[in-house]
């Protein structure tokens, strides 16, 4: 572009930048759901989505492991059940946000804090269900196992736990769905997740529906996944509606 | 060595928080004072107020429906589905939905919290009535009691434990969500946590501790009430049977 | 000339002009070799390999304008070759200053008015009305803290008491003092920090002597929603808000007693970081903020607040538009 013409347009660049706004348009009017904006900006939700997935998966797996350990311990030492039920119950009662905040001075901002709190939440329901599941194993099956010469340990792992699987899966389903919901508060612990975009703009309707919707869809997806996993793992049992 | 430092750090943080609760201090945003028992007291009262309104509302809405459905044995799928759906709703999303689509303020927040309380109460009322011993109900019918009488004098008393369990779940969910009510213009104890700018780190931690303590206190209180309301016979029957 | 050929000639000239303007406008983003209107060439930030080892963490407070400013400075410094990390969304100015002093961040953008009233305890009515004086005072104070405050941005921003234009007409108010006698029946909504701030609620109560029916703290992001939904009679707005320039629905009341001072933005950095970073640091900062006029800042705010764009993208667009980066 030659110099003389350039001097004709001293402000053209700056003026270009400033757009005419008529105040109309889906986003500007905060319409119910602006599909175009959602489509264009979906990449801004990907990282939070992944973070959320990680938080939920890690917490439920950890919760399962811990609850299983506690349940196995209480299986032969029944006196442990009431105190453990009480303890996991207390952890469940503490509101998640408060739990995150109280952990902050100890474990700092970040994923670890969130996972610790989320795991603690899952313990009550998973523990309770594993214990109940083990309790409901028919005596006949246990006798048969003993008859075959199984040790206590073998009995537990080869007979009792598999038969308790439906109850365990039921507990996992509840725990996972709850964890997906609670993990939206992980943003307050500095751990990201879908709560991050949600909290960043509470008034923007499309954002609320998108972030909230993704969370609810995730919960449904996990639930379905666990139902399938349950059927695959225990084909001998007719799955009861929970 | 670092473990010692970490624990020292966290002890320091906790003493700071306790100090915040009891003593007023200057806000981190120069100006008015924050902290102290008076302010904490006000916030707690506000927190309980919105929670109580919501809980009462959800009881009024959900319990009659759940009881009716349970008594007539209908709508099991619905009751269970609503219960499950309730667990999947993230509280932050619910509050955000209110803010974005409806508005801020006490009325709107109460409605949001009320919605949160309905699933556990509905499901538990249904299940509670359903699992009352059918024989007892038949006996009552045989004695000539009217349907409402049966509900009131036979089913409800026997259903108390499960019912109260639902109320407790709802109450805890409501109190927990009331913590983020300040996002929608209703200032509760959660304000301490959400507005770090105003209250400082000590305030935030104090808020966390206070909310946790409040929730536990409410849970204990309701557990006590449940115990009082449970008919003697049921209480004995339900004593831990595990060897 | 006949009328016909004259008309034809005029038309040809007109068409040529339009064509030239069109080409010029379209070709505007291409690199230029000068011309006085086009500062594209001059603005471009060059990467300097010397800066590669220097790590800079840019912070910001927690509202739209701050996110955008933080991103602009961060992306500009990155273009110059620095290793930049961002920690936006720190919180209020007190938290930001603490992060700066602790070394958690190396720099962030602060308003002269906020610095003077909040950090340096100067009553709002004593904040110099002259922008230059305010900057000098602020820079001097920051120096004592071991911080370097760079020269100011072209635009300045202030808190403002705003309301729906219809209601302003109904109440017959155009200045804040006009609210006297009526404020007891009006609700005021502001940020949570506003309750404690001398250039906000505290100033309105103490200096204007106003009492409001109720003050409700809500997130800064809701300041227009609460007016729209009828929850708030009055709301604390910012003079650089996009909504004020794009719509006539809102009116701000004149601050006739000067309680809500306006401040330009100074990029404040740790002096040791500035020394380590070398001369490019200051040059980039001073250069990149040069096009931040009030209109441009409002436009940027609009892109994020109204169009819901990502602040990082809006910052990038600004840098590209004015030729700082490609």
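Letters A, B and C name the chains as they come in the text, with residue numbers starting at 1 for each one.
The working rule: contacts are C-beta pairs under 8 Å (C-beta built on N, C-alpha and C of every residue); 3 or more make two chains touch, one makes a residue touch a chain.
The shown structure was predicted, so the numbers you read here are calculated from the model rather than taken from an experiment.
Visitor: Using CA atoms only, can you tell me which chain is the most central one in this structure?
Guide: Answer by centroid distance: A.
Visitor: Quick check: more C-beta contact pairs at A-B or at B-C?
Guide: Output for the comparison: A-B.
Visitor: Chain A to chain C: how many Å between their CA centres?
Guide: Centres of chain A and chain C (C-alpha means) sit 38 Å apart.
Visitor: Averaged over CA atoms, how far is the centre of chain A from the centre of chain B? Could you give it in whole Å?
Guide: 21
Visitor: Quick one: chain B and chain C, Cα centre-to-centre, how many Å?
Guide: Centre separation, chain B to chain C: 43 Å.
Visitor: Which residue numbers or ranges of chain C touch two or more of the other chains?
Guide: 219, 222, 225
Visitor: Touching at least two other chains at once: which residues of chain B meet that condition?
Guide: Residues 99, 183 of chain B touch two or more partner chains.
Visitor: Can you list the chain A residues in contact with two or more other chains?
Guide: 202-204, 207
Visitor: Show me the residue ranges of chain A that touch chain C in the complex, using the header's touch definition.
Guide: Residues in contact with chain C: 1, 3, 5-14, 16-19, 21, 23, 27-28, 37, 41, 44, 201-204, 206-207.
Visitor: Taking the complex as given, what residues does chain B use to touch chain A?
Guide: Touch list, chain B to chain A: 6, 9-10, 13-14, 80, 84, 87-93, 95-97, 99-101, 172, 175-176, 179-180, 183, 190, 193, 204-205, 207-209, 211-212, 215-216, 219, 240, 242-243.
Visitor: Using the touch definition from the top, list the residues of chain B that touch chain C in their complex.
Guide: Touching chain C from chain B are residues 27-32, 34, 99, 103-105, 182-183, 185, 187, 191, 194-198.
Visitor: If we count contacts the way the header does, which residues on chain C are in touch with chain B in the complex?
Guide: 62, 91-92, 94-95, 117-118, 121, 189, 192-193, 195-198, 202, 216-219, 222, 225-226, 229, 231
Visitor: Quick one: in the complex, what on chain C touches chain A?
Guide: Residues in contact with chain A: 20-21, 23-25, 27-28, 30, 32, 34-38, 40, 219, 221-222, 225, 246-247, 291, 293, 295-296, 299, 302, 306-308, 310, 317-318, 321-323.
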